[in-house]
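Next come two complexes built around chain A: one with chain B, the other with chain C.
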Partner chain A sequence: MTDNLRKLARELLESGKASVVIGYGDATLPGRTTPVFITSAAEADRLVWNEHCLNNLAVYLSSRKFKTDGKIAIVAKPCDLRAIINLVQENQVKREDVIIIGMVCSGMKDNDSGKPLEKCNACMEHVPKNCDEIIGDPASAPKPADPNAEFISLEKLEAMSPDERWAFWSKEFSKCIRCYACRQVCPMCYCTQCIAQKTQPQWIPSSQTPKGNFSFGMFRALHSAGRCVSCGECERVCPVGIPLNLLTAKMRKEIREKYGYEAGCDPDAPAPMCNFKPDDKEDFIR
Partner chain B sequence: MSTQTESKHESAGAAGGFEPKITAFVCNWCTYAGADLAGTSRLKYQSNVRVVKLPCTGRIDPHFIIKAFENGADGVLVSGCHPGDCHYTSGNYHARRRFTMFRAMMEFLGLDMDRLQFSWVSAAEGGKWTKVVDDVTNKVRNLGPNTKYRELCEND
Partner chain C sequence: MKKVDKNKLGELMQAVLDAGKELIAPVRQGDHTAYARIKKPGDAALDILLTRMPLKEFFLPKTECLLKYTNLEGGGVEVSDPDPLNQERVVFGARPCDASSLPIMDKVFTWDYNDSLYLARRDKTTIVSIACESPAASCRCESVGISPSAKDGSDVLLTPIGDAYTVDAVTEKGEKLVALWGSKLSDASDADAAKAAAFKPALPGHQTDTASLRGKLKAKFETPAWAEQTMKCVGCGACAYLCPTCHCFDIVDEKSGCGGERRRNWDACAFSTFTLHGSGHNPRAEQQHRYRQRVMHKFDYYPEKFGPVACVGCGRCLSACPVGMDIFEIIEKVTADE
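Now for the complex of A and B:
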């Protein structure tokens, strides 16, 4: 697949169809990869494809992070591809400005443990959809997991009492050092000014206090409701190991159950938090 | 908004028992008028509620509710026009989806759900307003002070 990818990148750059190819290259540590930006055909051999292509490269597509004159070709796993589609849906990038190179993916492995990632075990699409080019053989892809597999981790918390849940999250959020890595790595967090850094009025206290951490953790997940594509990057980059994916998974579960919506699957679907139906469920309202 | 120290002082109540502090975010067109009707009709309801008037439930950001809790509210009530009656046509429909997600999040984080009540009260429903307020106040009084948020805010 690496050879096919390099060949395709070379063609795209030589023909001028793309001015840059965003992909994965070897990192300084063996067995790891790092995002690379290939701008000339001669450099195309720097691209690699293996089980450690962890980053969600869609984060480079939002305008504040990356600008180029020609088209951008981007290497995307099926999960990352959903993020690109969601960015198109939210008018952050024009579909015709991007050449999506979809990779048939049989799952990624953790850099340290070498075990398959949790999100890959619960993956529903190994074959990319909505892309311009496909690399890899769709027939070789593993079977999709059960649609509810990604929510199994929620059951333990949902079975707890409210007091236990509060204690759990208080402990987890107390670890937060407010590095905002979860926000920076999220392809959906593209606001030029984040509410977490507004000071007049200050909605979210900026210092590492229990109050501020709780508020930030909660609103990060709330703002991603109906937009989170479950790439799991927030949890992967968290330096203190807060289970951020539990919060976003809860939001995805609610969105699926209440509004039957999956983010990043259909570029023309109405976004659930910007739309409504007169007969939406309201069993909690008096 | 009053400070936490103030709320501790006030929550002692006249008889020494716990009196909850409820913040109500209401829309200008329906619930505020409904509460007004309750007043002009001389209907009695418990005085624990502090009403904050906003143009529409669609204007109520979940941040407002969190700020109320952070600043010492023991319970929050959000109320606006019935579906289909919004002065701005669809503000309450948007709010309904937002509150659905916000409520799910708060429940998942472990807040007692009796502390957070949503309701539709029209301008003609002065009686319903008094019932909703009494009901929320009684529930929160039974729960006691919002210790979870008080502890969270202690170090600030």
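Now for the complex of A and C:
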């Protein structure tokens, strides 16, 4: 797949169809990959594809906008691809400005433990959809997991009493150092000014106190409702190991149950949190 | 020089607790690792090569109160200062890189102002470091002139010699602690001392000669290589907050009811708001400028003012960076001849 990817990247850059290919290259630490920005065909051999291509590169289309005159070609796992589709739906990127190179994905492995990622065990979509190019053989892809597999980790939390849940999250958020890595890697966190940084008035205390940490975690989870594509980057990058996916998974579950909606799966489906109809049953908006 | 059996470290920690001192050691918190206060030696996880969090928060807490204020009925404000730390503490099982960060921080907190809260914590704390037997691929201490058995910043250094450690009291504070341990330690032979002196585990990761490269940084301030090398940086504060020497902070007043606290919180130069002016202008407009500041501060501005570089090569920023930034690779790339 790496050879095919490099070949495609060379073609896109040589023909001028794309001015940059955002993909994965080898990192300096053994066995890891790092995002790379390939702008000439001669550099295409820096691209790699393996089971450590963890980053969701869609973040470079939204909050960390890559500046270029031509089209951006971007390497995307099926889960990351959903983020790109969602960004198109939210008018953050024009679909015609991006060439999506979808990768048939058998799952990624944790950098430290070498074990398959939890999200990959629960993956329903190993073959990319809505992309411009496909690398890999769709026939070789693993079978989709049960649709509820991604919510198994929630069961323990949902079985807790409110007091137990409070104790659980108090302990987890006490570790938060407010580095905002979760926010910065999230393709959906593209606000130019985050409410966490507002000072006049200050909505969320910047101190690493329970009040500040809780408010930050809660508002981020709520903002992810109907938008989180379950790429799991927030939890992966958290340097102190807060299980942030439990929060976003709960939001995804609510959205699925109430609206039958999966963010970034269908470019034409109206996003539940961004649309309303005059005949909606709720009357607060009228 | 003294020595202690490897399986007797628990007794040394218990002696610290029995003497009424607070004990801080590396611990596991689920999958997370950090230094933490412990109540029994069994809670220490001395097998951890390097905790995810550095020792820094015990000297410069993530958040600390600088003063409390209360608005009084009928006008006026009552202000009170926090009490400096007044409890003896021992950090047991620090790594030489983490210990080396403390003299670097000291220079900042005593330069134009003696920071009493910081200095009280330093004064009350004795650092016992354990030299590293199996450094990791991310370890970069030799890139900055430190070694897996460096003594700088430690009060006592334990160096592995087979089934035992030599116990080396580096400072006066360290001598007091060794005296407290008394007969729990035995005398090291000349052969033991020679073994300890020869202790030099190989670092598996690539080491960068920052001593010779850092002199080139100033001339490379405007090189386009900064933009190329920092393009992938997403602008979070993980590198700064996990760094044992990053010491930038923000001061905020946070209200609660009729009063509040003035707090000092960690801050990071990678944040876009770090240098954002009230006018809306930002002198470090792009991420490349912010990352360049990180490199320049550590390898140019700080050494120019204080001597050593402000990096101990612990490698936390390499292993925890969400996008795999490697500060040493970046130094090599931006200082390379065009």
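Keep in mind that, in the parts below, the second predicted complex is superposed on the first by the 273 of 286 C-alpha atoms of A that agree within 3 Å, B and C clash if a C-alpha of one lies under 4 Å from a C-alpha of the other, contacts with A are read in each partner's own complex, and residues count from 1 in each chain.
Going forward, contacts are C-beta pairs under 8 Å (C-beta built on N, C-alpha and C of every residue); 3 or more make two chains touch, one makes a residue touch a chain.
The shown structure was predicted, so the numbers you read here are calculated from the model rather than taken from an experiment.
> Once chain A of both complexes is superposed, is A:240 in touch with chain B (first), chain C (second), both, or neither?
second
> Look at A:91 in the shared chain and tell me whether it touches chain B only, chain C only, both, or neither; answer first, second, both or neither.
A:91 contacts neither chain B nor chain C.
> Looking at A:276 after the superposition, I want to know if it touches chain B, chain C, both of them or none. Which is it: first, second, both, neither?
Touch partner of A:276: chain B, not chain C.
> Which holds for A:167: it touches chain B only (first), chain C only (second), both, or neither?
A:167 contacts chain B only, not chain C.
> Looking at the overlay, what does A:215 touch: chain B (first), chain C (second), both, or neither?
First partner only, chain B.
> First (chain B), second (chain C), both or neither: which does A:15 touch?
After superposing on A, A:15 lies clear of both chain B and chain C.
> Look at A:205 in the shared chain and tell me whether it touches chain B only, chain C only, both, or neither; answer first, second, both or neither.
Both: A:205 reaches chain B and chain C.
> What residues on chain A does chain C touch that chain B touches too?
205, 209
> If you look only at chain C, which of its residues touch chain A in the complex?
Against chain A, the touching part of chain C is residues 29-32, 34, 52-53, 62-63, 137-138, 205-206, 231-232, 234-238, 240-242, 250, 252, 254, 263, 265-266, 268, 271, 273, 287, 318-320, 322-326, 328-329.
> In their complex, what parts of chain A are in touch with chain B?
It is residues 157-158, 160, 162-170, 195, 203-205, 209-211, 214-215, 218-219, 221-222, 225-226, 247, 250-251, 254-255, 258-259, 272-274, 276-278, 280-282, 284-286 of chain A that touch chain B.
> Under the touch definition given earlier, write down the residues of chain B that touch chain A in their complex.
Contacts found on chain B: 62-63, 66-67, 70, 83-84, 90, 93-94, 96-105, 107-113, 117-120, 132, 148, 151-156.
> Within the complex, which stretch of chain A touches chain C?
27-30, 32-37, 55, 59-60, 63-64, 66, 175, 177-181, 183-185, 197, 199, 202, 205-209, 233, 236-237, 239-241
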